[in-house]
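Okay, so subunit A shows up in both of these, paired with subunit B first and subunit C after.
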Partner chain A sequence: MADVLAEGYNVFDTSKSPSGTIKYLASPADVIGLIQSGKLQEHILLVRGGTTTFLAPALSMGAIGVITMSGAPESHLGILSREFQTPCVMTAHLTGSDSRYVVGNTDEAHFVEIAKELDGKRVRLDCTDHEVGRVVADD
Partner chain B sequence: MTATVLDKTDYDVLNVVALKKMASAPTIAEQSGLAEDDVETVLTGLVDQGLVVVAAGSALPTDAAEPALAAAAAHYYAQVRTDAGVVDLVERFETVNAQFLTTMSSWQQVDVGGRKVANDHSDSAYDDKVIGRLDKLVARLGPLLDALAGHDARFGAYPRRFAAAVRGIDEGRHELVSSPTQDSLHNVWFEFHEDLLRTLGRERTE
Partner chain C sequence: MTTTQGKRATYKQRYQDGDEGLRFQELTYTGNFVGMEPVTDGIKGDQMMKSRAKSGVLEKVSKEEVLKNQFTIDELNDLNNYLAWNIWDVLVMRATEGVSGMIPRQEYEILAFMHEFYRWPELLRMTTDEIGAQGVMDIGASARREIGTKINSVHDWAIGAVGFGMGRCGLLALEAIGPDDYIEESNEILKFMQRVLWGKRQDGYLLNSQDRYRCQIHEPDFLAQLTSQVEPLEHGSPKHSAFTQFNAAAELLSFLDHYDCRLGLGDTGPYELPDGNLLILRDLFVNEEVFHWSDVCEDAKLPHCYTLALVIDPERMGLNEIRVNDISTTFTRPKNYIEAIVGGAVFAREKWDTPMGEVYPIKIDDLGEHLGRVQTATLKLYTKTSKMHRRDLIWNGQYVYYVDMILPHLRKAGTYDKACQDYDLWEIDQRVSNYYYDITKRGFAQETVPSKIFSGAGYLPFSDGADVRRSKYRWGL
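Let's look at the complex of A and B:
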């Protein structure tokens, strides 16, 4: 069985199971750089929040999958991912860590740990469950 | 970073780019009310200032755009921020915004036996009910939009855009509810929310 590296809210059920290398996007410049690289569809995009509005161009340009470290499926990004039918796991936490996102009470180390652990990993998103979205190692 | 406050025309153009995340000159012209040639000139200046890059035929904001907009908004909207009428209406907006997001999700997904599944839009009575709720929520923005337009006429564009989307939906163009590629209710609402936060110097909450 493949390792589940992280899991969070599944924004919508889908049999689409995109795979790619996780790329952590910290700023609009990262999104622009990725779009300009022509390699957008090789990556599962990892962003910090459901309110990370700078991700919109990547979604409209054909991003294949998204992971967020905070935010709810009802947020703007959740709504967009359903519209674009881009599989999306929100408020993902590492299965190997006890650290969890809590609204208004999450220290920086939580986000750093997730980005450090996942960035660059080859994964597949499993969004078939109606509640839990999974980030699975895809070696 | 720019040391000086953005010129207001630069602000208006950069604000459209930042709200839309990527925008072509014709779109910026339509939203800002400027002539397309003027938009091109402004965009060239913004590129020179490092606030915008052009990729795939559209302008995108750089990392420097948000701080520059924030500094300019603090300058241009100092009066708005102390307008007790606006502040009071904004407090109420947060509740309406949460209801709007939930309602928009219920347009996209329906609850079947406790499980959310994609709305296939085969139940017109359900869809009509959701559209009715969205109509009412948009109407509740009226006083806030009017108050803001009293400070800056560009806020007057939002009621026109909402009205155009509602008219289209009433004519059966249901993609104008939530399509991310059209001037849908969701897009207009989202842009207004972000514009409002920037105007007031507030942060978005999760």
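Let's look at the complex of A and C:
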């Protein structure tokens, strides 16, 4: 069985299982830069928040998969990823870490750890379960 | 289809007496009912909240009741408690989304909440004085025969849930007011909300959650005009893809134009069609002319609103429950309804007041050009927004809430210009302007707001013996 690197809320169940290299996006400039590089569809996008505006052009231009560190399927990014049918795992936590996201009470180290661990990894998203979305190593 | 193929639709059971619906989340609500059984989400939660009311204001109420100018303290408290639960029901999970990285939404939200509570009562009273209580109900009723109108669930709900509920809650949390301050003004806001919602629904209820999450406001003859334009869609076909892609892209722009909030979209339904399929009507407001940043949408020649008719086959997805909630958003179980879309139509309304006879359909084969315009505007608006400084983003977002939430009602009443000219609608009250510096201290916007507003913990009741005429007369005591 493939190695599950992270788990979170599955926004919608789908047989789509996109694979790519995780790209952590920290700023709008990162988003614009990725689109301009022409390599948007080579990457699974990792973002900190669950809001939708931050990723707006990436979603619109055909992002293949998204991982967030906060938010839920009811969050705006969750709603939009469902509408775009872009597989999305929200509030992902590392399976090898005890650190969890808590609203209003999560220190910076939590986000840094996830970004550091996942950025650049080759993965695929498994979104077949009704509730749990999985980030699986795809080496 | 994926994991739901072959499962039978059971969603109609949700409409039977005694059915408590499904649970969409594991969390429970306490609010002002400390020591009592925790309240769930969904249909069961609605039933529990109604059973705890002291008045009849949460049951079906008559037109005569709605035309009365004054709520009792019990009625105000019942509405306060119900709205607090309803806010929790629709937003507690959304509120886990954390920072935007683009728009400081929590900051602009809390400023708008408080601004609304201070300023809206005067504006809504002026509007009621201009057109009368029946006129306010007629504003709501107008939505029954229109598409592309912002007189919709989220805007109508926001009058009470946001302007009164969250605004009062935020000011209580900031200790700027006490529980028995501004009762008269609270009555003014809630009466306006009640009249609009009652006029729109006309079944005696106010909110979709009171009616098992249905917002079936359109007459059959009106719906027939729209469904006559529906084109069949086969999952996996280019046409299906064109329709669903356009839906998603336009919805995204409607979020962006409204600063990442729900005011840009509005669902009604579900309407059962003769063949057993379900219709959701979805307004996507992609160009709001009162926002100066919407110039990129104007440049892209986008209409005020696209309206999509989405026809869903409940059997295809094994539908167990469908909710059109009070912030105009559709959620289903199973969650993925997109693959079960079997028909669609698209309409455009050029301006907010374009007559219904001039709203025009767009063939799905012609959506490509519109999609290009939507994507162009999205990229330009994103680039423009990314260059804005924090203060501009916060006050722009504040305006989206504070102005847009009552904009459709003032427009329809013909009092928007008066609100701008005589009441300085677009000015910022000095108290709220000063709060700008307080909201980031001690985690007020990031922690206090989510914990008090979205958990339901901060909606303190009015005292039993409080005077319904009370405003605020003492400061600093």
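Observations
Just so it is clear, the second predicted complex is superposed on the first by the 138 of 139 C-alpha atoms of A that agree within 3 Å, B and C clash if a C-alpha of one lies under 4 Å from a C-alpha of the other, contacts with A are read in each partner's own complex, and residues count from 1 in each chain.
The criterion applied here is as follows: contacts are C-beta pairs under 8 Å (C-beta built on N, C-alpha and C of every residue); 3 or more make two chains touch, one makes a residue touch a chain.
Predicted model only: the values in this text are computed from it and were never measured.
In the three-chain model built by superposing on subunit A, subunit B clashes with subunit C. In the superposition on chain A, contact is made by A:130 with both subunit B and subunit C. Judged by the touch definition given at the top, the superposed model places A:75 against both subunit B and subunit C. Within the superposed three-chain model, A:105 lies in touch with subunit C and out of touch with subunit B [touch as defined at top].
Look at A:97: by the touch rule set out above, it reaches neither subunit B nor subunit C. Comparing subunit B with subunit C, more residues of subunit A are touched by C.
Contact with subunit B, but none with subunit C, is seen for A:36 once the two complexes are overlaid on the shared chain.
Subunit B is struck by only one stretch of subunit C after the chain A overlay, and of the options 5-13, 41-49 or 113-121 that stretch is 113-121.
On subunit A, the surface touched by subunit B in one complex and the surface touched by subunit C in the other have residues 12-13, 27-29, 31-32, 49-51, 53-54, 56-57, 59-61, 70-76, 79-80, 82-84, 103, 130 in common. On subunit A, the positions that touch subunit B within their shared complex are 12-13, 27-29, 31-32, 35-36, 49-51, 53-54, 56-57, 59-61, 70-76, 78-80, 82-84, 103, 130. Partner subunit A is touched in their complex by these residues of subunit C: 2-4, 90-91, 93-103, 105, 244-245, 247-249, 251-253, 255-256, 259-260, 262, 329, 331, 334-336, 338-339, 374-375, 378-379, 381-383, 385-386, 443, 446-447, 450-451.
For subunit A in complex with subunit C, the residues that touch the partner chain are 11-15, 26-29, 31-32, 47-54, 56-57, 59-61, 68-77, 79-80, 82-85, 91, 101, 103-106, 128, 130.
Residue ranges on subunit B touching subunit A, taken from their complex, read 21-22, 53, 55-56, 58, 60-63, 65-66, 101-102, 104-105, 108-109, 115-118, 178-181, 186, 190, 194, 204-206.
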